[in-house]
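Each of the next two complexes has chain A plus one more chain, namely chain B in the first and chain C in the second.
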Partner chain A sequence: MNASTFVRPASAAREKYRASMSMHAMAVGCAMAALLVVAVLTPGFISLPNLIALTGTLSLIGCVAIGMTFITLGGNIMSFCLGATCAAASMLVAHLSDAGAWLAGLAGVALALVIMVVQGLVIGLFRANPLIVSIASLSLILGVTQYVAGGQTIYVSGDALSMLKSRVLGVPAPLLVFVAAVVVGELMLRFTRFGYKLILVGSNFEAAEVGGISTWRTTVAAYAAAGLFTGVAGILLAARYGSGSMEFGVGFDYSAISAVLVGGTAIGGGQGSVLRTMFGVVFIAVMQSLLLLYGLDVQFQYLLIGLVVLAAILLQVRSKS
Partner chain B sequence: MGSLHPILQADNIQKAFGAVRALNAVSFAVERGEIRALCGENGAGKSTLVKLLTGVHRPDSGEILVDGKPRHYRSPRDSQADGIAFVSQELSIVPHLSILGNIWLGHRDVPLLHRRQALRRKAAEALSVVGLDALPLNTMAGTLALGERQLLEIARMFARDARVFLLDEPTATLSDGEIARVFDALRRLRQAGRSVIFITHRLAEVFDICDTVTVLRNGSLVTQAEVAGLEREQLIELMLGRPLGQMYPPAGEPGGATVLQVEGLRIPGQVADLTFEARAGQVVCLSGQIGSGAGEAVRAIGGLVYDMHGTVRVRGKRLVTGSVASALQANVRFVSEDRARDGIFLTLPVRTNLVATQLDRVTRAGLVSRRAICERSLSACERVGIDHARLESRADELSGGNQQKIAVGRSLTDEDFGVLLMNEPTRGVDVGARAEIYALMRRICQQGYCIIMMSTDIEEVAGMADMVITMYRGRQVGSYSRSDISRSRILADITNTAAAREAA
Partner chain C sequence: MIKSLSVLWQPAFRPFLLLGVVLAAFALMSGGPGVFTARGGFSVFQHFATIGLVALGLGLTMLMREFDLSVAGMMGLGGCVAVLAGNGSAATGLIAALAVGLAGGLLQAWLMVRLRLGSVPVTLGGLLTFVGAAYVVTGNRSIPFDNMEMAIAINAPLFGFMSVRALVVVVLFMLAALVIQFTRVGRDLIATGSDRHGALIAGANPDRIQLGAFACSGALAALAGAMLSFGLSSASPSGGVADILVPAVAAAILGGISLSGGVGRPLGIAAGVLVLCVLRTGLTTMGVAPYVHDVVTGAILLAVAIADGPHLRMRLHQLGIPRKAIAVQSKGGMI
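Right, the complex of A and B next:
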């Protein structure tokens, strides 16, 4: 029996709360609907190559965005180094692809996990500013990979990762990976003690501390989750381009945080979900794809995404007041 | 001239927000040179009235008159031009500006400030009225104490020729010494022929400083009276609309087993030495003013202060110093005085709040059971008396009293003993809901808990405590059991005044 059926009388306050929440949902819903209509009417949007390209981008950015969601929800705003972490993971995956897809993939995920957990420890134990830590980490990752790989692109050997280029019943494998990631992420948030703690810490750090929740453990766990999903994105990245290079990760952080915000996760933490992020990802990815189809330059992409993020954040401020 | 009419008058004012009638045919007048208290529970319509008088809202019907002339304010700017100044709780002092700069901030002559002797003179005059004349005009406002900032705010309004000062709970965050200075300033305002409207929750202050009192209840005017002819109990009755009766529930049976032993508790710079014991069923009050260390001591018992020395034992078992986890394991839980900061999770639903600190009890193998959450939150609701219908509401939509119930509710466990630590248990809780919180505290005691509370409100201490420990500047001054508690002795102890002791 569904437990939430226990108590359901509506109160005025609750209606108000619902109204403010649904305002965002409605705005995003309307914008999505409009975007999809434009998309369907755009020649070339519904074509196999475009859809495959679209789902490829979507899955890639999507996995990073899920990782970002955990960071944002826990009250740590965002990270600037998820793109670089993802790229570094993809290089390791490419480097180890001789040894088999599974081993390479695991190593990639492990690398991302380690990079993020270290940051989580620094932020959780020393209360360091998460933004500054992520900027420092970005620089460190770039430096170390440059030193190790000498700025080269590392190619995936043979068809080690061909599994991720295949289609299952017509659905591209990366999309399946993304859907799985959404499900896992959402379940983690909703049904695990970690998920509850993360939301509590994000909602009010001090109160969580007073309430006996180990804030640093929760923060480390949030970064570990971010590392996990970013590592998965690293595998997708290596599979997509057949190689690993630091060039590929550029801009991922920005797309990811855009998706998180457009989805309606509160920038201050404590409110939001992976499911919402998924909608944000679809929105951003479809928009980018349309801009490409209309032949608009990169600067227009940046412009439009900037506007969308601005609109999303203003909408958050409004529904709060 | 002009003395025929009250300086500020509200005539038969009505105001509704949607279906809620906030003010119903309220008439109200302030004379020159009087200090008028505005009393009422939360939701009585005090702040609505203030907002109408200052032009934040406009009345649906009725009129506001200044010097007998009807005025129609469209914004606070208009009312300020008429000399009606609102001194808010959240001070609008800019810390990086000088006192002089703050006084004239936003005034149209500001760019010429340093050349205008007249402005300096006027500022100095205003400062002497509020008793800040000892400070040089170029002192940075950020270096002032909280009470001095409050005074500066009043001086600022005075310098701008305000004639009516509206003060909304100006003393809520001040220590007694600072309150005395604010009161002196108000008295000098009265001497200067200015009027003051004074909103406060502390009834003692009404009798200390106010000449007249206006009581609102449920949006209607209940009475306007001279304070001199009024008894304290009468005033409470007028506010509540029913006899005060049992504000404080009867004390329980003493003589439970000793639950908590605090020995030589010391926090460098805050608490010198504190030793006491508490039995099951007892309410032990640490009483002291701001700076007495009483609040910090309570936090320290809950494991929230890291550099604490001394030992805390619960049922003979020693707690690990500065560890919340260790305190929680012994079922020692802390309810904060500042709910927004570290009390409850304002942005989350009541349901989540109620299980927030007991997640382990609704989890199995890392997975949370929704069913367990529902059961636990429902039973917590029942224990503390929160309406079930509010379980899905966001916590910040609840009144202060209900929020406090959440904080208490989530601290209660299934165990048959425990220690509840409460700092200022009724801060931000209005008079009516206070009685409920007190009753709740007693009920919890009867279940075998002991409560250690800290309060700066002597009345509350005297009403609730089975044992009082008075503190002054980090030192334990006295300790009284139920039969020896007297307000004057507590007051003498916490203010360190022998004079007050003799007066008893």
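Right, the complex of A and C next:
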């Protein structure tokens, strides 16, 4: 056994990895380009009302999807309670909107942080099954919010959150928030130790542990990041509807994980980025908007999203093997 | 004394012990015995019929260490297909729903086996696709079921406390228990869940078992949806994670199915489902608000998730909990 025995497999693996990365980037790029060409050729797509309507949902789902990216990257697949967490945060924001937008927003983010950090602790410390923990948390969140709010919708007082409905130089404020979230998320992944550790924990848990990484701290941090971005989405939700209700969060988990997978983040963890998730979000939003413009009913969007996610999952395997 | 107690806490006995505890608690509480009246019993078995089959299907896949998320979507799709195809004759509707369930389950399992994929990603895609398909076939509307005789017949009380719908579920549970206990397929399923590679070497065919388990799971979920929609005499598309997946997972786990596969039996799952149904009916007859049930289910599920966590013992040891206590806990055998 000489040194090359060790070197060769590693470099081969890296080449393979690069090949799969470039193949994947190509697939996403081609799909995006094709979609954009169709979009530009579609009459009515590049109209201001349509684009503004597009950015509304896109920013909301986008923030939740960024949160989901951290969970998926760390090897914990997905969470079923981000939608409920987001809705609960929006209710708290609406409830506290008397006291000023900043305080209400901070409280909403804090609530989402606490909910997710507790789950992160359970999953990180005991290595409990992340799916089961998220399903249990969903049930707990629904029950507790029902107890606290009595099933009512809570309205935002006055125009406390009008800041988020304004436009800066013609760009809707929620879109700016989403772009900021993408930048912050991507920086967290690329330029912090937390980001490196998260990728390592996600790609090989045992190796990370042996390598001296405190895996439970990384897991907790990943869930905290998820809580942070979900809380931000909660503020956007409250601002958008002028109220907070558990109904608004239904289906966010599905949309978020769809965006993460379509963007090309590996479902097994360890490979992906916030930037990819952003592409996934834009891809799905543009696709939905196009379907509507071509006169197809809402139900076809649901089916198509299911099929696209399935295709994304199958494509991942192909590029891996 | 400790030894006999720990035998009772074995996974095989745990669900029945829990069921006994829950029943005893309601019998002793004031206002609790509402569960034991004919109406209370009927209500328990109606809930049982709704989530029982989904829990059984999910439990079968969990037995072989996989996880079928798509049951929540398949239940809705099965209901919609059954009502759409069954407005002429109910039998056609049932057969159509079963066919869709079988096909959906088989297709997913084939993708997993063929492409060596994990069950969670594939069934996540399946869940979204089935929910979408349910929206498309119904045209995003609620579909009425015109066959009122069928709607009444399927919920008609038998023996005072059980509907036809519940009886079908009970029979299917018994069938599943017999197959798992006494046939080679059953033993192969459990062997695959315990150690897939070992099962392969011992002569089982894990791929075929996987196809069978997911086909069963899909068909059972579709059947549950079909019977529910017939009983409600309408079907509407939805992908209820909160109202289907949560109780089904909770029931399977309470029923002694381990998250690490190979442990648990169908009758245990039935007991787990009953625990949840008795809790729900009992709390309702006592006048407790519905959200308490959500909180209780969530708390139980979270507790089991923690207790099943592979690192729990290590953390307890780090906290300085004496070894003896840990040893007793491990003898209780979560895994």
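One rule holds in what follows: the second predicted complex is superposed on the first by the 303 of 321 C-alpha atoms of A that agree within 3 Å, B and C clash if a C-alpha of one lies under 4 Å from a C-alpha of the other, contacts with A are read in each partner's own complex, and residues count from 1 in each chain.
By definition in this document, contacts are C-beta pairs under 8 Å (C-beta built on N, C-alpha and C of every residue); 3 or more make two chains touch, one makes a residue touch a chain.
Just so we're clear, the structure is a prediction, and the values are computed from it rather than from any experiment.
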Partner chain in contact with A:126 - chain B first, chain C second, else both or neither: second
First, second, both or neither for A:147, with chain B first and chain C second: second
Most chain A residues touched (candidates chain B, chain C): C
Touched partner set for A:309, first chain B, second chain C, both or neither: second
Touching partner for A:267 - first (chain B), second (chain C), both, neither: second
Contacts of A:211 with chain B and chain C, given as first, second, both or neither: first
Partner chain in contact with A:139 - chain B first, chain C second, else both or neither: second
Partner chain(s) touched by A:197 [first = chain B, second = chain C, both, neither]: first
Contacting residues of chain A [partner chain B, same complex]: 1, 3-4, 6-7, 9-11, 13-14, 16-17, 191-197, 199-200, 203-204, 206-214, 266, 270-271
Complex contacts: residues of chain B adjacent to chain A: 302, 304, 324-325, 327-328, 334, 336, 341-348, 352, 356-357, 359-360, 363, 366-368, 370-371, 373-374, 378, 388-394, 397-398, 410
Contact footprint of chain C on chain A as seen in their complex: 77-78, 80, 122, 125-129, 131-133, 135-144, 146-147, 251, 253-254, 257-258, 261, 267-268, 297-307, 309-310, 312-314, 317-318, 321
Chain C to chain A touching residues, read off their complex: 67, 69, 111, 115-118, 120-122, 124-133, 135-136, 138-140, 237, 239, 241-242, 245-246, 249-250, 253, 259, 289-295, 297-299, 301-302, 304-306, 308-312, 315
